[in-house]
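After the C-alpha cells below, expect a handful of questions from me.
The first chain written gets the first letter, and so on, giving A, B and C; residue counts start at 1 in each chain.
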Amino acid sequence: MFLWTVLLIVLMSAIAYVAGRSRAAGLVVADGPRLHSLPSYHGLLVAAGAMLGGLALAILSALVLGTQSVVTPAAAVIGAAIAAVPLYSRSAADFRARNAFERVVLVVLVACSAVAVLTTIGIVFSVLFETMIFFRSVSPIEFLFGSHWSPTGTPASFGLIPLLVGTLLITVIAIAVAGPLGLLSAIYMAEYASPRLRNVLKPVLEILAGIPTVVLGFFAALTVAPLIRRTGEAIGLDVASESALAAGLVMGMMIVPLISSLSDDIINAVPQSLRDGSYAMGATKSETIKRVVLPAALPGIVSAFMLAISRAVGETMIVVMAAGLAANLSINPLDAVTTITVQIATLLVGDQEFDSPKTLSAFALGFVLFFFTLALNYIALRIVQKYREQYD
Amino acid sequence: MTEVRDELVKKRYASERRFRFYGAAALALTALFLAILLVDIVARGLPAFTEKTVALDVKVDPAEIDPAQLAGGNYDKLVKDAFRAEFPQVTGRAERKALGALLSTGGGDALRQMVVADPALIGKTVSVPVLLGADAGIYLQGMLTDLTTVAGKATLNIARLEGEEGYVLSGDTSGESAEQQLGLTAGQVVRFKGGALRVTGMQNGYVRAEAILPPELPVITLPAGQWDSLTFSVPESNRRISDAQAVWLEDLKSEGRIQTSFAWRFFESGDSREPELAGIRGALVGSLLTVAVALALALPLGIAAAVYLEEFAPKNKLTDLIEVNINNLAAVPSIIFGLLGLAVFLNFFGLPRSAPVVGGLVLALLVLPTIIIASRAALKAVPPSITEAALGVGASKQQAVFQHVLPLALPGIMTGTILGLARAFGETAPLLMIGMIAFIADIPQGFTSAATVLPVQVFLWSDLPEIAFKSKTAAAIMVLLVVLFALNAVAIYLRKRFDRRW
Amino acid sequence: MNAHVPHQTLVTPEKPRALASGQFKVTARDVDVYYGEKQAIKKLSIDIPDRAVSAFIGPSGCGKSTFLRCINRMNDTIPTCKVTGLIDVDKHDIYDPKIDVVQLRAKVGMVFQKPNPFPKSIFENVAYGPRIHGLAAGKTELDEIVEKSLRKAGLWEEVKDRLAQPGTGLSGGQQQRLCIARAIAVNPEVILMDEPCSALDPIATARIEELIDELRQNYCIVIVTHSMQQAARVSQLTAFFHLGTLVEYGDTDEMFTAPQEKRTQDYITGRFG
C-alpha cells in the first residue's frame, strides 16, 4: 500500500504540473497582458498543492485506519485533487504563481530545519519520560548516590557511582593517552612539518578517525587486552582480562585525531603577527610555541579537550567489547570496570519490557549521559565561538 | 659572560630539538598504532578468505534422491559415506563420528548444486570438492597447533600387548634403548600406513604407546622412512581436533587431496552458526538497505535545512537556537540516538524491530547534523557575487539559490554527505538498541524484514568463542574498512576534482 | 498610485541641459537608509532623467553605492538595512509592498564592481535572464536575444565562435562586457553600474566607457565611479555625495567647471577625498 500511495501521489503531482503549466501557457495571447510568472511556475504550484494535499490526506488516513488500509492510496488521490483543483482554476495572467510557489518552498525548507530541533526534543522527552517512570520505583537519591549497581540481581540495586567511576577511569586513561599525543601531533603538523610531510600525515590521522569503533573494540579485546595481561603477568602484576587500561588505551588512540584536528585548527588561527613578535625577539620555535602560541590558543585547546572527554564518555563499542560488565568500584586501571554506555547497551540488547526497572534504568543512564555530554559540548562550543570572535 | 650565554643558547637549542622530537614521536606513535591495527586485522582476517575442501569421488545413489525433489536429497549422507569409504579401517562408532565431524554440515551443498543443475548425474560417480568443517579448516591453516613431522630414522617394531591395552615399540636389537634409537617422547604420535599410535611413556627400555588408529596386524616391522613421528605443540585436550582427526587430515594432505580455494561463500551466504558456512552477504545487504534509507532521508532534509539556515533564515534568537542545537546534536553520543529510536520509533510508533527502515531512520537523524554543517560550509564558500549577479538580472532569491548557488555548492555538499555516509556505515551502538543484533541467517528481502548490518555482524561474531569466527570477524572488518576507504577516496576525489578557487 | 510632487530641479537653480530632452526615470524623495543603527543616507532627494548617463561621485563611504543599490532594491539582501522615504521608477513606488522585486530588477538592471559572470558558458550567462523571465518563446528567439545583447555590449565579434565556453575564461574587460550583455538581455530600462571599471585596466576601461556612451541612446544609466575623469568623460549629469547626503546634482560640464557648492569644488580639485 505504501508503494501505491507514493506512486499515486507522484502521478497526481505530475498530472497537476502538466495541467497547470499548459493552462498557464494557454493564457498567453498576442498583445494580451504578459504572464506574471513563467508557465512552469503555475505548473509547479499546482503540483506542490497536489503533493502536499495528497500526502496530508494519506497520512491522516494511515493514522486513522492503519498503514495497510486500501483507503490510503484513495485518500492520497482525493487529497491531491482537493488541493490542486482550486490552484489550477486560479491561474490567470496576473496570478503570482512564482511567489506563491516560493512561499510553499520556504515553508518546506523551514519544516526541514525543524527536524533537527525535533530530534533534540525527541531525545529529551523520550529519555526524560522513561526516567520519570524509573524514578517511581527507584528513588533518585538511591540512583545518583548508590554505590552498588546490579540491575539483574535480587534485590536489584541501581547505584550510579560504580558506573560513573568506571566511566571516568577509562576516560582519564583515554585522555592521558590522547591529550599529549593529539596536542603534540597538532603542534608538529602546524609548526614543523613540511607541506609534503603534512600531506602524508593528515591522511593517517583521517584514516584513524574514520575507523569504526567496533573495529577498535575488536582490536582492544583481542590484541591489546591479552598483550597487557601477558605483560602484567610477566612483571608480576594481576591484570584482569578485561582491564580498564586496554579499553582506555584504545579509546585514547581513537580520540587522537579529534584532539589533533581541533587543535590544529586552533593553532593555525593564532595570528602570525604574534609569532612574528616572538621570533623578532630571538625566541626559538619551541619557545614561541610554548610561551606565545599555546597560551593564546589555550581556550580553544581546553574546549578541544572537553569535546574529547565528551566523546570518550559517550563511546560505546570499545568499552562494550573490551571493558567488563562487572560494576566494580575501583580506580585501579588493571581491574575490570564497567561504564554507563556498556550498561545501557547490555540492558537494552534483546527483548525489553518497558515496565521493568531494569529496562527503564537504561534510560535513566541515558539521561545522565545525555546531559553530561550536552553540558560539555555546549560549554566547549561556546568557548570556541568566543575564541573565534577574538581573532576574527 | 659570553661563555655563559653560549651555554644558555646550547641549552635552548637542545630544548628546541627535544620538543620537536616529542612532536614527531607522537605522530610516529599514532601512525605505528594504525599500522599495527591494520596489520593485525589483515593477518587475522586473511585465512577467512580461503576455504579448505577435500576432493571426493561420490557415487550419487538414486536411493537417497527423489527425482521430483532434487534439492531435498540426502546429499550430506552421500558425501559422508564417500568420505568414510576413504578410511575403511575406521570402524568404531566414536571414530566414525569423529571422522564425519571433519566435514562441514554444509559439505553436501556442492554436490546438491551439481545434481540439481544436471539430474543426469544420478547413479553416476562424480568427483566433487567437499567443504571441510571449520575446525579442520583452521587446523590445516596451522592456527590450532604447530606440527613438526620427522621421518623415522630407524627401524620400528610394533607389537600389540597381550592381555592389556596398548603397544610396545622397539628399535633393532642393538644395545641402545628404544627411546634413543627411535627419538620418541611421550605425547608424540607415530604415524604409518594403516595406523597411528600415541606414545604414552617408557617402560623397561621399550616405548609404550596407545592406539589412535589401531593397526590390523598385531606385529609390524617398519623400516626407516616408512613411518614418521608427529609432534603437536598444543596437547590434544586443548584443541578441537583430536590426534586421530589430525592424522586423517595429515594423510589426506600428504595425498594431495586437500584443496585451498577462494571462499566466495563468505560473500554469498548469510550468517550461520557454523563458521565455515557463515558469510557477510546478509549483513552487507542489511547495511546497504539501512544506509539507503538514511541517505534518502538525511540528504534532502540536510540540504534543505542548510539552504534555509544559510540563505533564507532571518538572524534572530530562533535561528541562533537552531544553530546551537545542530552543533550540539553533532556531538551527542550515538548510543543516545539508539535510545531515541527505541523509545520513539519502536515503542511509540510501533515500527518493526530489527528492520532496516528503523535503522535508517536512526542513522539519518544521527548524520543529519553532519550533513547540515558540511552543506552550510559549502554554501558559504560560494561567493555572494554569484547571488548578486543573479539578483541583478531579476532572479528571485530562490531562483538565485537553487539555480546558481546550490549547483556550485553541490560537490562540497556531496563530500560532506559521503563522509556522513561513511560514519553511518560504520555505526554500531544505536543499531544494537533497535534490535538489529538478532541472529539472522536469511538475506533481508526488503526494508521491513529483519536484518543486521556489517558492523553489528562484526560485533556478533567477535563475541563467539570459536577461533574460526575470530578470523571471520577480522575478515568482515576488512570488507567494512575497504568500503569505508572507498567512500573516503570518492570524497577526496570529489574535493580535489571540484575544488574551486574563487 | 502615490501622489507626486511636481518635479523640480534640486540644488541647482537651472535645469541641466540634458533634462530638456528626457523625462525623469527615477525620482527619490527624502530617502533615509540605515544599516542597523548607522545612518548611511540622510534625506536624499534626486530626479534622474531617462536616456542619459548620471554619475555618482564622492569620497569612500559617502553613500553613493548604497543609494545606487536602493534603486533596484539590492539592499534587500542585507538583513539590517532599512530604507525609508520614496523612490519611484516610472512613477511607481518601488518600496511598495505590492511591488514584485523580481520584476523591478528585470526593469532596473545592474552591473557590479567586479565582473561576476556565472561559472557557466557565455551563452548561458546571457540566456539566463531571458529564460527566467520567459522572454523567449523558443530556441531561435533565445539565440537572437543572446546575439543582440552581445552585439550591443560590443562582445559579439570576440565570442561568437566560442559561446559554449565558460564565461569565466574571458579577460576581465570581456567579462565585464559579458555582465553588461547579461543585464541588457532582459530589456531593462535603467542600468545601474557600481564602479564597473574599477577592476579593469585602462584599455578595457576605455572600451566600457565607449559602450556606456552608446547605451545611453536607449537606457537610463546610473554609474557610481571613483574617478572624476571617468565621470567627466561618460556622464551628462553628475551627483556629488558626501557623508550620506547629496551635495549637488547637475550638468556634468557645469559641475566640473563651476560647482555651486564649496565642498564639491574642494573634492573636485582634490582637497579631500
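Criterion: contacts are C-beta pairs under 8 Å (C-beta built on N, C-alpha and C of every residue); 3 or more make two chains touch, one makes a residue touch a chain.
Bear in mind that the values here come from a model prediction, so they are computed numbers and not experimental data.
S.K.: More C-beta contacts across A-B or across A-C?
M.R.: Top pair by contacting C-beta pairs is A-B.
S.K.: Mind having a look at which chain is the central one, using mean CA positions?
M.R.: Central by C-alpha mean position: chain A.
S.K.: On a CA-centroid basis, which chain has its centre farthest from chain B's?
M.R.: C
S.K.: Please compute the C-alpha centroid of chain B, do the same for chain C, then give the distance between them in whole Å.
M.R.: Inter-chain centre distance comes to 69 Å.
S.K.: List the centre-to-centre spacing of chain A and chain B in whole Å, with centres computed as mean CA coordinates.
M.R.: 28
S.K.: Just curious, how far off is chain C from chain A if you go by their C-alpha centres, in Å?
M.R.: 49
S.K.: At least two partner chains per residue is the criterion; list those residues in chain B.
M.R.: Touching at least two other chains: 396.
S.K.: Using the touch definition from the top, which residues of chain C touch two or more other chains?
M.R.: 102-103, 132-133
S.K.: By residue number and range, which residues of chain A touch two or more other chains?
M.R.: 98
S.K.: Applying the document's contact rule, which stretches of chain B touch chain A when the two form their complex?
M.R.: 12-13, 15-16, 18-20, 22-27, 29-31, 33-34, 36-37, 40-41, 44, 300-301, 304-305, 307-309, 312-313, 321-322, 324-329, 331-340, 342-344, 347-348, 365, 368-369, 372, 396, 398, 422, 425-429, 432-433, 437, 455-456, 458-459, 462-463, 470, 473-474, 477, 480-481, 484-485, 488
S.K.: In the complex formed with chain C, which residues of chain B make contact?
M.R.: Within the complex, chain B touches chain C at residues 314-315, 383, 385-397, 399, 403-404, 408, 500.
S.K.: So in the complex, the part of chain C that touches chain B is made up of which residues?
M.R.: That would be residues 72, 74, 77, 79, 101-107, 109-112, 114, 116-119, 128-129, 132-133, 179, 182-183, 185-186 of chain C.
S.K.: Any idea which chain A residues touch chain B in the complex?
M.R.: Of all residues in chain A, those touching chain B are 98, 102, 105-106, 108-110, 112-117, 119-120, 122-123, 126-127, 129-130, 180-182, 184-185, 187-189, 191-192, 201, 204-208, 210-219, 221-223, 253, 256, 284-287, 289-290, 307, 310-311, 313-317, 320-321, 341, 344-345, 348-350, 352, 354, 362-363, 366, 369-370, 373-374, 377-378, 381.
S.K.: Provide the residue numbers of chain C that touch chain A in the complex, in ascending order.
M.R.: For chain C paired with chain A, touching residues are 100, 102-103, 132-134.
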